[in-house]
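Reviewing the structure listed below.
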Amino acid sequence: QESVEVLHWWTSGGEAAALNVLKENLQKQGIGWQDMPVAGGSGVQAMTALRARVTSGDPPTAVQMLGFDIKDWAEMGVVGNLNDLATEQGWDKVIPAALQEFSKFDGDWIAAPVNVHSTNWLWLNKAALDKAGGEPPKNMDELFALLDKFKEQGITPLAHGGQPWQDGTLWESVVLSVGGMDFYKKAVIDADAEALSSDTMRQVFDNMSRLREYFDANFSGRDWNLSTALVIEGQAGAQQMGDWSKGEWLRAEKKPGEDFVCIRFPGTQGSVLFNSDQFVMFDVGEDKRNAQLKMAAAVEDPAFQIAFNTVKGSVPARTDVPDTEFDDCGKKGMKDLAEAAASGNLAGSLAHGHAQPSSVKEAVFDVVTQHLNGQITTDQALERLPQAVAAAQ
Amino acid sequence: MSFLRISNLYKKIGNNEVLKDINVEMEKGDFLVLVGPSGCGKSTLLNAIAGLMPPTSGEIVLDGQVINDLHPSKRDIAMVFQSYALYPNMTVEENIGFALEMRGVGKAERAEAVKNVAGTLQIEHLLNRRPSQLSGGQRQRVAMGRALVRQPRVFLFDEPLSNLDAKLRVEMRAEIKSLHHNTDATIIYVTHDQIEAMTLATKIVVLKDGGIQQVGTPSEIYNRPANLFVADFMGSPAMNMLKGRTVADHGVRQIALFGGKVNVAMPSSVTTDVPDGREVILGLRPEGITDEGMVDPTAHAIAKVEADVSLVEPTGSDTFVTARLAGETFTGRVRADVAIAPKQRFTFVFNLDKAVVFDPSTTRRLA
Amino acid sequence: MSAASDSVSAGSARTARIVIYTLLIVLAAVYLLPLYVMLTTSFKSLAEIRGGDMLALPRDPSWAAWTKAWGDACIGVTCEGIKGYFWNSIKMVVPAVAISTVLGALNGYVLTKWRFPGHKIVFGLMLFACFIPFQAVLIPMARVLGIFGLANSTSGLVFVHVVYGLGFTTLFFRNYYEAFPDELIKAAMIDGAGFFKIFWRILLPSSGPIIVVTVIYQFTNIWNDFLFGVSFSSGSESPMTVALNNLVSSSTGVKEYNVDMAAAVFAALPTLFVYIVAGRYFVRGLMAGAVKG
Amino acid sequence: MTTIEPVPYVTPERPRRRLAERLGAALPKIVLAPSFAISLIFVYGFILWTVYLSFTRSRILPVYDLVGFDAYYRLWSQPNWYMAIKNLAIFGVLYISLCIAIGLFIAILMDQRIRAEGVLRPIFLYPMALSFVVTGTAWKWFLNPGLGLEKTMHNLGWESFKFDWLINTDMAIYTIVIAGVWQASGFIMAMFLAGLRGIDGEIIKAAQIDGAPTLAIYRRIIIPMLRPVFLSAVIVLAHMAIKSYDLVIALTGGGPGNATELPSTFMYSYTFTRSQMAVGSASAVMMLMGITAIIVPYLYSELREKRT
Amino acid sequence: MSFLRISNLYKKIGNNEVLKDINVEMEKGDFLVLVGPSGCGKSTLLNAIAGLMPPTSGEIVLDGQVINDLHPSKRDIAMVFQSYALYPNMTVEENIGFALEMRGVGKAERAEAVKNVAGTLQIEHLLNRRPSQLSGGQRQRVAMGRALVRQPRVFLFDEPLSNLDAKLRVEMRAEIKSLHHNTDATIIYVTHDQIEAMTLATKIVVLKDGGIQQVGTPSEIYNRPANLFVADFMGSPAMNMLKGRTVADHGVRQIALFGGKVNVAMPSSVTTDVPDGREVILGLRPEGITDEGMVDPTAHAIAKVEADVSLVEPTGSDTFVTARLAGETFTGRVRADVAIAPKQRFTFVFNLDKAVVFDPSTTRRLA
């Protein structure tokens, strides 16, 4: 029997259920599914396992991957080619160019994008927000005002989990908010040394320091979902987090608009920082090729895109999928994405590997995290940031 | 009043009565040797005296003071262990000085004391070595030094020589003996080597299964053993035990040995009257059975016995000859020069002055 | 050895005992805390965990998390709990421990009883294997496994664990056999026994204590290994720790701490069992040679 | 036994021997050969490979063109690396000394003819049996001020109690030490217990008679006699300290900031997550050099003087 | 041709010449005892014969066959080790039967053979025990049984009795002796107990520092030691060595002892002429120095010496007395009954028939 072997880190209940849709779809076509889940730290362990598999000369059929990792692997010449399928199904038209950036290498399709997450979201507890006036903040100043009100309510204003990637996620939203999309592109995407040490960047770090004031004492090392839980239970007012956060709300049987409010991070409406899970198809033997193509086709099947993304909290990678099945937040996400894509305000998320290779990403995390934890001052951060980025390139 | 008195001492370990009703007294300057087969309780008794194992009942009185409940470190007793128990991590000097250090003696004074003791034992040149760098004999001396330096009220020695080879043992034995002479120390000494016991002791205590068999001077123990056990235990080769029966020959009490083949005079060690026809055991040590040329000129009662030689063991200085007669085996000690070979017939001379007689039913010696 | 002499006078001895036992009980409680947290958490509901006191006893204890962890929890797209992975680990641990122990025993035997010039260097070189950081060997090892066709298989994992366990097993057995009397080997040689006969009939039957130490040590290390497991196995072939990690550390999903903890306790059961049952022999085995410097 | 040169107990081969006998004589070496070959390839071969990689510009996967010391320059220009080394120094010293101190202390307590020894022993040993994948979460909660000890103390009414090391950049490394000590001290305890049990009881008796109080007996006699155990313990702990990885990942993930970065986590992240394999290899080489500096003298002393 | 011949054997371990030019021959049925101080190479020689340590050079010929290169298991030699080397995991029966099993002897036959041997050694009742459940003496017997069951061409014993206590040692010694008598086995036996050597051997080899000092019968070794080393090594207490000088008294060659205080006749062991005024050492064993009542009636040359007693050691059977005269110390053996005490003056009788004379410069005995 033909089968695909899939390396991924969607191990939690909801994600796995979503993935099951794909598995069953393939099974109907007579394709078996060999599962190879490797959880942990947004695929850190998975990439290690993948290295071992590739080195041993036996890569899996498809691997869940993010952003620049895809490029890195493509460069090593170990990935397959989906051009025929893509042409046949017209992927070029339905998948946003910003995603294609990662799905293609040297003009060849190598990966099938599953979804689009975006990271510049702010999640608010509706009750707390109402108590504080009910008006969602539109820029940093309003945000700080709101947070102050939360503070007066005696709750943790901003729920944050102190892990490098979470710090980075917050940071990139602040960069986008303070500097706008052009500055984000210059500083983050282009890694422009000047931008990285500019006054705007100083503002970013100052804002970070200010935000730090609104954390509770236990933020360090806390998993993101525990922070979300704080907001859900009303112990905290807001959380900056990617759209996967919605899964927690839904799971707690909360309704968007009724129990919680999802808005773009203040000052970033109209821009979207995205990251996209893609299944990179590795260069497997001819005997497995057919199954691999079938899987790629199944991933891009609109039915799967809907089924998966409604659960996951993200939006479909294809732009031609109707939003009827999605809730308010989902619908907003799809609308924002389409707008941003059209206006050129769609950019890859640094924290999730879509703006820079992992070496640079981690280097930025180093600085951001140390700054946020008070190990270095803003001046030092501005000095170090360009250095670290340069050293990692 | 005696210097050390142990009265009605019992020690139970688990269900095992290791010591039973031990009563011992000793004077200052006594050299008391505990002997007995392995497991008879010698070490346990020593441990009880040292305070390392509290007795179950009974009293230990040292110099007029009941010391049952005194901590070992406060008894002022020194002990030399069979394994020497030297502290491997300390030099010889530190080993010897440790007890003084624990008593808070100052550094200079300690060094002085250690030096003196080392001088006596001729181990000055070893003071900076560690125990692992010493030979057996040297270790033994260090162990002794450790005890000596404290000038304790009582010395306890637990088989201190058993790890040494024969030659060294002889030397060390002499050294301990002269030590006792020179310092007049009060010593309790455990061994299961009867030569050691005989040569060192002023008083021997024979133990068996936790009970005392006999207490006496070496000569009493050797020549007038209280029972068959003591007789057999002390002396090597062991005392010959010959089955006999009392008979009267012309009114003179005699003992018929070897199924009646030989009649010998009733030994002088028996002073009471023994009725005729009693089964007895005649005990005679190998040196009491000699060749004709070797007979003690002062002996009063002798008997000649002809027997078949079965084993000849020349030790160089003497020759031990084992012979059989009427199904009984006995060993004699003859001069090294006597020409003798197995299967030969040989005339032995029994020196009955040295013989003792036991009652086979009670195993006690008849006196 | 025990410095506690029973000759100390009764009163102070009793106080000393009380102090000793109190200290030990307090220490034991501290050591048990993490286990206590794991156990109590596994019996709580998620809501109670989020809101409640970590050290509190469960208000409403339930086995739900346990049954879920064992049979229903999702790991990847299969929702059959961790029971299958348990068996994977057993399949890996048993041969790996057995092989590395036997090889270690043979090596120790040769290195102490059949010495050849340079045996110390050979031993020293082998011992170094204990100390290399495993992260450094992942990639070349993957290549080698690929060449041997062992990649991605339980046999491959067994092989890896044997390779990097050899240093320790050899060390343990060498130290133990070092103290084993040479005369027994000589006697057996004179009696006509050959190399393997001597090992099998004379040495091995007397190696009980050190076998216990080695097996415990190897068993715990291999059972608990994550790095090799995640790198050289995949999917339903994965050992327990990898499955557990998949269960516990999903990054963007919901965390069911009670299920995690129950699974964690399941994962720890065999090693706990080994330590409880063989703990006494462990100390004895250490005494019998492994500890000697 | 004296310190004697080892001798082959089999006679060396002589030409006139028959083949079978020659084979028999070579048997021990044949038996040892596979293990030795494995070590050569999988330890030393791989070390060489790592050294080689550290001179390349390998990033995501190995590439084999040499570029000199580039990776080493990069390595030594990383503040993370200095942090890792500093942390290893703090962690290593505290971890080793605390494990030994606590292990010895418990071993001494356990050696006082404790009736419940059979129950207590596994309690102290069990942490060694659990992987940090398992216990990390429990520890994380326990040390987390909002969830664990601090909160419990607050709940109990001790409001001023503060224990926030886990999230304090200056103190976080000490939480790693605490968890590490918890894990390994039981094993060390077992080693010391074995050592204590091996001491000749007569020596203790002798010391008692010499008038030494219990404390002095331990301080002057027993503990010095455990020297070989100390040495073994230091070696065991040193290599565990250097290899510590799970511990950090499970507890702090190297944070807050890079406050708990260790060389092992550094190496892993540079090799596998940051796609700077050459720098990772360079750090591995540095680590190996460090290990060699500890192990070789130990091996030397161990193998030179042969005590029995 | 002799049954076992060792010629020009050398053994180097590292830089250490452990055996030097060893030449020994023995006949079938011989009981050869190797003696010598610790570390002199006894075990090494035994190991070389057994094939456990190959000699560096030289030849070992057994029954006409050079066995230098033969594997130990093929030499048909059995060895009993000092530590017995019993296989701890096997029962006594399996221990004894192991060698046969290795030789492929069937189960039934093996059981039969083991039973026979066990019968001889009286250990049938122990067959199902393990070594750890046996006493020292029993272990010794099992070790012997393991050697016996194979009926090898040569038995090697490496200090088999040194772990036993004195009493048991005497017993086991007799047992080994009778075993030798009964089976006429060829035995090489290592010991450093000279009593064992004397009583067991048909031939003694004295080793020192890897070289042979003397080969001879026990009596030759004891009474005619080749040099001072052998004289001192054999016998306990050791031979008295008295400094002397040859003098001629009325044409009769004499030796002036104790700085001229006593002149004694030149012992008959010296047959060559020794010039006047030569420094010599007179060797006389303690049993050659007795009290007047104990003098060997057959002695030809005696001398009376009065000296100050310094130490009295009664062993029960005899009393050893150490005395001093003119700065020299000597030990005599007197009857146990003689009343004697330290510091007393006592008349000793020297039996010069037993004396030997050494050249102090070469240390060799003058003959």
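A few points about this structure:
Labels for the chains are A, B, C, D and E, by order of writing; each one numbers its residues from 1.
Note that in this section a contact is a pair of C-beta atoms (placed from the backbone, for glycine too) under 8 Å apart; a residue touches a chain by one contact, two chains touch by 3 or more.
Chains and their UniProt names: B, E = ABC transporter ATP-binding protein; C = Carbohydrate ABC transporter permease; D = Sugar ABC transporter permease.
Since this is a predicted model, take the numbers as computed values, not measurements.
Listing every chain that touches subunit D and subunit E alike gives B, C. Look at the CA centroids: the one farthest from the centroid of subunit B belongs to A.
Counting contacting C-beta pairs between every two chains, the top pair is C-D.
Look at where the CA atoms of subunit B average out and do the same for subunit E: the two points lie 26 Å apart.
If each chain is reduced to the centroid of its CA atoms, subunit A and subunit E end up 92 Å from each other.
Here the CA centre of subunit B is 56 Å from the CA centre of subunit D. Residue positions of subunit E touching 2 or more other chains: 51-52. In subunit A, the residues that reach two or more other chains under the touch definition are 41, 48, 51, 55.
Counting partner chains per residue, subunit C has residues 5, 138-139, 141, 186, 189, 194, 245, 248 touching two or more of them.
Of all residues in subunit B, those touching subunit D in their complex are 47, 50-52, 71-75, 77-79, 81-83, 85-90, 98-99, 102-103, 146, 150. Subunit C meets subunit D in the complex at residues 1-5, 17, 20-21, 23-24, 27-28, 30-35, 37-38, 41, 53-55, 103, 106-107, 110-111, 113-116, 119-120, 122-141, 144, 163-164, 166-167, 170, 178-179, 182, 185-186, 189, 194-195, 220, 223-227, 241, 244-245, 248, 257, 260-261, 264-265, 267-268, 271-272, 274-276, 279-280, 282-284, 286-287, 290-293. For subunit E in complex with subunit B, the residues that touch the partner chain are 38, 162, 165-167, 170, 173-174, 177-178, 181, 192-195, 198-199, 218-219, 222-223, 234-238, 285-287, 293-294, 296-298, 311, 313-318, 320, 322, 333, 335-337, 342. Contacts from subunit A toward subunit C in the complex involve residues 5, 7-17, 19-20, 23, 33-43, 45, 48-49, 51-53, 55-58, 60, 223-226, 229, 233, 242, 244, 247-248, 251.
Those residues of subunit C that touch subunit A in the shared complex are 50-51, 73-79, 138-139, 141-143, 145-147, 151-152, 230-232, 234-236, 242, 245-256.
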